[in-house]
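What follows is a set of structures to go through.
After this come two complexes, each holding subunit A, first together with subunit B and then together with subunit C.
Take a look at the complex of A and B:
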């Protein structure tokens, strides 16, 4: 059951919530809508569900337009952020609810059999007689998923379903959701603002900002090959380091105060446009250099890091370590370069201390270069 | 003994996060008033129920007051009338106010205005409302009678026909109970998470299913509270009778109620003991009914 979204727009008065959104979700695929709050991802989900009307464009489920179809005929199951379970009903009654109301209501006995099947799938059979109020967040989440699936919908929509759970539970429930969704082979759209969640659960991810889909790609492509500055900044933790550099056409270098990157050291095949064209864009508006925290390497410092091989990197500069943040396997080192606060990750056993002077080498081949509008050049 | 007082004073003076006996000092004035004006008279009611004679010369009379009261056909009628009033006005009042509350709560233009209008009766004196109702129900020029005559009913003399006085009283009682019920029910309706209805919409629940499967169960605590409050108030019905029938318990005592009977015995006839015995019987009945009701509600809500 595929979902096709064509030129979808939504405006609230003057405010544009969605602008010309196009998306194709294949049968059985799990797609994440990812973006900061207010980016329009929930609006998009609610339009697909039929809880909001689009201002323009079309939504097709299985090739059939549904924008003028009542939600109940769309074959949709939905999980809301705060679950919206009925507090006065038992878990069993909650799961049975979609089967017991509306025109297609089935007999209690039949509904119970079907509800039990999905309660088994989500592992909540033992809670059948309890009220939602006496369940933990994770258990309530499972009830909500079971209720959304009990009608065997063509499409399952999840609206930030994990944001009310604590960190540890979130990890296990998201694996659980992926397992359940894949077991039922239901086409799923999952809305989240947590990139880690999206990366781990989604077959493909649509990154949204200001009502526009910035990039729709597989998780690894979003990280390794971002379409623009927004996506590059949004994906990855610690966040991408960015530097506004000017372009010196005579020396063919991206020039900054503390370091400069000669165009010659970049990999020509990685340019998004012919190099000559890219150079004229650079000359016109300068650029934003994006460096992932793992592409800075500490190559020398006060405590014998010097043998790390500064000569391996074409660009090396010295700086002062401001602070070091322990994450676990690795540490995040904070320093300032070119008036920007930078973060780089290092092995925790080789982490410097705050106040140390270090040499930083830049893995030039792996950087990203964006034009002044945030479009990707390299 | 003196040490005990000193110890107590020391404890009162010193600080403790969880025990602050000083609070009793602050409560004392209120407690004194409640004791003198509420608790003491309550005790006196039970004592006087077993006494007879004038207020200055009361003497023990055993169960004779109860025997006299329970044998009085007027008291039996008062109890029956009170029971009928309670059994009619409480459910009817709740159903009507629930319908009005749901109507006002729906996204209707100007629902705030209606809400304010519906609450006005609660702010108005029962006596003033009673005067208006006397006009509305008047047999000669009353609006109610006129409207009924338009659909071919009547004529009815609501205030002077003994067969109709209980009907009139019940209508008045229902109307009076609406305002408070609606305000409480509206607050309950507004507390329901709108998302619950969205989910129901998603699965195509009909309007009746939304009401019966979400609204009603969500309002259950409010309805329980109101039914108990309304029942107690209904058993205490007095002012309504007084104002509607101009200080009389209806023509030929047709609308006499329990409290009216107590009042009549005490102030009009001067049979203090019998009045108090009737009050004790009424107390016992209200107690039994309220207990039964809360048991019933507890069983239903399970």
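Take a look at the complex of A and C:
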């Protein structure tokens, strides 16, 4: 069942929570709504669920508008951040609950059979008689998923379902959720503020900020081909390095204090607009240069770091290593360039030490250039 | 220093306990006295010998069995009724969105400030004009809703995350089903405390029943106490004996459920 969201808006008095949101979720697809807190992702989910009314626009499930439909007739299952398991019922009763209320109530026996099926799917059969209070976070999570699926909903909505779990459990449960969702082929919308979670679980991700969908794309595209500065900054860890540069039209370079990037070394085919047009935008307002931490390369240093071919990079500058952070296979090297604190990722065996002087090469072809409003130019 | 502080604390507790418990103990003691002992000056603290016959005599002075049945019916029904109205009102105030909700809440809080004695007159007029004087309806109707308990339950319900309600709605529950299957079971302890306190206050009610009833058949246990007041004076020792008997069921209730009662009062007290 597909979900189509058209020109959806939501305002609370003066405050705009959602602005002209358009989204198309295909049948059986798992879409993540990703964004910082307050970006409107939960509002959007609640509107799809029918727990909130939109101020304008339409939500269609399988082609039919549901904005005037009561939540219970929308055919949705939902998992909440705090799971909302009913404390006075056993696990089994919790899972059966949706089948035992409302007009579509089924007989206890049949409800039990159906509940058992989903309890098997989520691996909680052994907990049937226990109360939610005596379960671990991960177990409660499974119960919540089973309860959401037991009505065989057209659409499954998950509102930050993993944020109450500890880090290790989060990893395994998110794989588990993806497995279950794919096994039941239910169309799923998953809300999260954790980019790693979204990247690993979603077929496609809608990145939201200030009530607007900034980009809706496959995970790798968000990272490699961000639509704007917000997406580029939001996706990726360590975070994107950014530099405010001015444009020197005479020399055709993006000029900074410590380094400058000639337009000539960029790949013409990767400009979002005709180069001439891009240049006039640059000349008008300067730009923000975005460099992924892996696109800085340490190409030499005072301690005799092997000269890793500084000549391969058209832009090279020297700097002082401020600190080095180990994260396993890689190390994050912190330094300052152009008055910005920068991060670069290097192989842990080639990591310099704090205080070393190093030469940094810039992989110019892979950088992103944004205009003053954060729109992508390159 | 610490020991002195603790000494003070114990002293204070003992003093307040004494002040609250003394009348009760005196009631029991006086119920075993002779008329002379009970009314003498200076008053006697203990009877010379216990006169158990006072109890029998007290029970014969008024139709206490009938009173007890009446009281059970009236307190029972008004307790159930109040629970029902309170649950519905508190649900609406906490979970539903409607216009002027805040104003309504404000008015309700303001109503708490109005003393009961003032309401008694308007209530009496209403009941009289409805032609309900001297009926069970007169005894029960005015106590079918309580602003205090509505606000008490609202407090309790706001502490239950609204995701339970959302989840129930998505699961296909209607509002009534949500109340019956989720909200009431989840607020059992608060409702239980409420029911106990409501029943106790119903049992102890005195002023209202004596106003709206004329015949002995409609009187409640509390009113039975006035049977000992005659032109020639009050049979204090019998009145005390009757009081002791009347208080007994409440004491038993308390003894059985005191933990729940304290819990309910306590939880409400420290709510964020």
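The rule is simple: the second predicted complex is superposed on the first by the 377 of 378 C-alpha atoms of A that agree within 3 Å, B and C clash if a C-alpha of one lies under 4 Å from a C-alpha of the other, contacts with A are read in each partner's own complex, and residues count from 1 in each chain.
As a convention for this text, contacts are C-beta pairs under 8 Å (C-beta built on N, C-alpha and C of every residue); 3 or more make two chains touch, one makes a residue touch a chain.
Nothing here was measured: the structure is a model prediction, and the numbers come from that model.
Clashing of subunit B with subunit C is the outcome of superposition onto subunit A. Contacts of A:76 after superposition: both subunit B and subunit C are touched.
Judged by the touch definition given at the top, the superposed model places A:195 against neither subunit B nor subunit C.
Once the two complexes are overlaid on chain A, the subunit A residues touched by subunit B in the first and by subunit C in the second are 49-51, 71-72, 76, 78, 80, 82, 84, 86-88, 97-98, 101-104, 151.
Listing the residues of subunit B that touch subunit A in their complex gives 193, 195-196, 198-206, 209, 213-214, 217-218, 220.
Against subunit C, in their complex, subunit A makes its touches with residues 46, 49-51, 71-72, 76-78, 80-82, 84, 86-88, 97-98, 101-104, 147, 151.
By the touch criterion given at the top, residues 49-51, 70-73, 76, 78, 80, 82, 84, 86-89, 97-98, 101-104, 151 of subunit A touch subunit B in their complex. Every residue of subunit C that touches subunit A in the complex is listed here, in rising order: 161, 163-164, 166-174, 177, 181-182, 185-186, 188.
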